[in-house]
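Residue numbering begins at 1 within each chain, and the chains themselves are lettered A, B and C in the order written.
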Amino acid sequence: MSLTLADLARHADAKLIGDGQYVIHGVGTLQGAAPGSISFLSNSRYRKYLQITQASAVILQEQDLEYCPVNALVVDNPYLAYARIAALFAPRQEVSAGIHHSAIISPSARVDETASIGPLAVIGDDCVVGPRATIGPGCVLEQGVSVGNDTRLVANVTICWGCRIGARGLIHAGVVIGTDGFGLARERDVYIKVPQLGIVDIGDDVEVGANTTIDRGTIENTIIENGVKLDNQIQIGHNVMIGSNTVIVACSAIAGSTVIGKNCTLAGGVGLVGHIELADGVTITGMSMVTKSLNKPGVYSSGTPLSSSEQWHKNAVRFRQLDDMARRLKQLEKELATLKKG
Amino acid sequence: MSLTLADLARHADAKLIGDGQYVIHGVGTLQGAAPGSISFLSNSRYRKYLQITQASAVILQEQDLEYCPVNALVVDNPYLAYARIAALFAPRQEVSAGIHHSAIISPSARVDETASIGPLAVIGDDCVVGPRATIGPGCVLEQGVSVGNDTRLVANVTICWGCRIGARGLIHAGVVIGTDGFGLARERDVYIKVPQLGIVDIGDDVEVGANTTIDRGTIENTIIENGVKLDNQIQIGHNVMIGSNTVIVACSAIAGSTVIGKNCTLAGGVGLVGHIELADGVTITGMSMVTKSLNKPGVYSSGTPLSSSEQWHKNAVRFRQLDDMARRLKQLEKELATLKKG
Amino acid sequence: MSLTLADLARHADAKLIGDGQYVIHGVGTLQGAAPGSISFLSNSRYRKYLQITQASAVILQEQDLEYCPVNALVVDNPYLAYARIAALFAPRQEVSAGIHHSAIISPSARVDETASIGPLAVIGDDCVVGPRATIGPGCVLEQGVSVGNDTRLVANVTICWGCRIGARGLIHAGVVIGTDGFGLARERDVYIKVPQLGIVDIGDDVEVGANTTIDRGTIENTIIENGVKLDNQIQIGHNVMIGSNTVIVACSAIAGSTVIGKNCTLAGGVGLVGHIELADGVTITGMSMVTKSLNKPGVYSSGTPLSSSEQWHKNAVRFRQLDDMARRLKQLEKELATLKKG
């Protein structure tokens, strides 16, 4: 793929400073870009790399323009403009419409003629695969699954019975959608399984990272709204609801029936207990544990800071004495007040 | 499926209050049930929904009966009774006995004629698949694996060589059982692999959640006893032993050679170091870290509570000063005592 | 496999004490070994088991020799010597060179004639599979993947386009290598995907545990150097670099662009934020959160110790008051000093 800077400026809605006829062949970092590439500067901290870059053009903000020794595309949000331009240079997975001869397709499934079913995929009874959808190699759709237009399942994905995935989704390898929620009723010493009868209902433009698991609902559905982005190895319990455009980073876990608002951000390794609600616009920092509802947007944290293990041991032991320390502190304050009075 | 309330009462061992000939077509929540459905009330907090429910019958305790405007099934444990009744209405995966033409079966494997081997499953040498067992699409059994009667492997499951799974098990998609334990011997700068020669031995009535991984033993076996229920994305190290009817919630990790008793409950995201023992009846709350053996049943926790990040930063910094604070507090107490005496 | 003790002593570079012609048939633990087996003692704590062992020989250090009632192989590092000897007795996966008839191989892929491609594996366009490499059942290689000599992919592994795996690697079931990094650019209310154009470049002698996920780089590559050992369910973000012979235990997560040195050890459940650096030789204890670069080797920790939940609640509440407590403590010290002076 080769495009002129003028083309790229138009595509990214950028102001072009320099040679519009210059031909760009790819993208690169400021430090690593080859001549003929375009790079970007989104954080002025890295401005120093402008001096040494081999890139032939840089996407940047107005404020950094004077430091740029090469062609420039000036925008408000260089990272966003970069994302748009890089997409033009991304190698396309060559996917041809049609069903690979080794795929196993139920006669009752409806696969759009523009969809692509990869080698050794399994499409169950009554499934619906929409226009230009791609079901990658080794994927399994149990019966009654529907996949919207332009959605791609990468490889070895499992979608359990009845679940729905919207349009323009991207479901990475090893994902399991619609597995049974963890519902158990105790009967004397043993546990009886509570049937998991709801589905997972995923909106449009949702990305689900590799090996993430999403449980089906117990009675009603687990719901992932439009534009939600889930990273790898996330666990979503039954009947969770995630509001639109919420972003969840890798290895977070959401227990059953919890409701997360729109435009939230959960950093990596976060845990939410079940049956709580997070307001729209809540941010949780990494590895925090959330045990209560959060009714106001804002940034929330838990955890303890890293130390050398030797220091940590000394302090961690004191954590067990905190309540005692607090009481003794209060007692001291009282006694001192008495002493000062007397 | 349609059943009379009298049928359901018999099935759940419930006292029927109302019209035994009423025909029920499905289940629902109190808020969401359609007419013709049966719902349940297991927590008096939700009693208010009895007034608005469209359900035609409700499973509940004696104490809530007077508030119920519709037919009722009275039991001691409504959630358990619901589980039994919902199972009647759960759609059955249509699985027919026999081997799908696309499955790859070793000539030395013994597959019961009532078992079902799904599309594109791989059954290795000397495997044994018991009566009415179901090996779902894309599952791989390496050589010498045995799967007990009525056990189901959902899809894309991998069972490594020699492992045994008991009867009536349910192994969800993406699970890996019998992968090598993480055994390394250091030789100067590099690590030499310690062969992992034991197997994973799983009892009867065990459920294993999606993408959970269970390591094989180093020399002896990793053992999961009868009735254990494991949620999604759990990691079980080599030579771990888990006692019967213990329940472990998603994303917990148990390091090697640790022994967990019977009837324990580990909430989500819990971590146990290796080579420790948990007594029967231990409960660990979410995201706790367990570094020592627990010899008595009880409920145990670690972690810190959530705050706004601003508040959290101020407090977290002080965690590093805890030992110093404790010493200064003690010093103050001494000095004050001296002052009061003198 | 049967070998004389003299053979084993030669293989493990050990001093033989006893009958060199004794024939050994397998390995076992001190407590569990059958007669005819060889065991090992690597920790003097377990010396008591020497008295009761049924093993016919024990690998041990000089200092434990006098307590050993059976044949002995004396070495400096018994665990390492055991690893070498156990490897001789490990059952070999019978893998025959060649391509299983059910595998789907692109005509443009180059598969060495000594390599083994298992049932229902998928090898994409332009892939290269080296001598004696094994691609297990259900594995998927997207286009342009290369796998080095003697590397084994166990089963249901997915390697995304363009990624490289070196020689003598072991990639366990369910692993996903080269999935898209989590790169999002915000545009008003929604997120635009940032194309992930780099690959994952894995060196020689690397082991990757079951269901671990490794993201491809955004522009440049994610790099795993020679001899790195990754346990199960680890998450490696885009553009992470891991230095040679570093070991990471299960369920740890490394966020994007973080650089980990050589010979580091991360225990289980550790989390590292993005864009930080760990020096060579750093050790992090289990479930710690690392939010800043660590420039010196050493052992580091975070977290709080386990208590009964009742005690924990009392102390955890005080965590929120820590800053206040520290200020009050300082105030008390001041006042007391004044009082003592006055």
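The criterion applied here is as follows: a contact is a pair of C-beta atoms (placed from the backbone, for glycine too) under 8 Å apart; a residue touches a chain by one contact, two chains touch by 3 or more.
This structure is a prediction, so every number in the text was calculated from the model and none was measured.
Participant: So that we know how the chains sit together, what is the shape of their touch graph: line, ring, star, complete or other?
Facilitator: complete
Participant: Residue numbers at the chain A-chain C interface: does the shared fraction exceed half, giving same, or fall under half, giving different?
Facilitator: Both copies touch with mostly different residues.
Participant: Roughly how far is chain A from chain C, going centre to centre by Cα mean, in whole Å?
Facilitator: 25
Participant: List, in ascending order, every residue of chain B touching at least 2 other chains.
Facilitator: 102, 120, 138, 156, 174, 211, 233, 251, 303-305, 307, 317, 319, 321-322, 325, 329, 332, 336, 339
Participant: Sort out for me which residues of chain A touch chain B in the complex.
Facilitator: Per the stated touch rule, the residues are 102, 104, 120, 122, 125, 138, 140, 142-143, 156, 158, 160-161, 174, 176, 179-180, 182-187, 189-195, 197, 211, 213, 215, 219-220, 233, 235, 237, 251, 253, 255, 271, 273, 284-285, 288-292, 294, 298-305, 307, 311, 314-315, 317-319, 321-322, 325, 328-329, 332, 335-336, 339.
Participant: Please output the residues of chain B touching chain A within their complex, sorted ascending.
Facilitator: 27-29, 32, 77, 79-80, 82-84, 86-87, 89-91, 93-94, 100, 102, 118-120, 136-138, 154-156, 170, 172-174, 205, 207, 209-211, 227, 229, 231-233, 245, 247, 249-251, 263, 268-269, 286-287, 303-310, 312-313, 316-317, 319-323, 325-326, 329, 332-333, 336, 339-340
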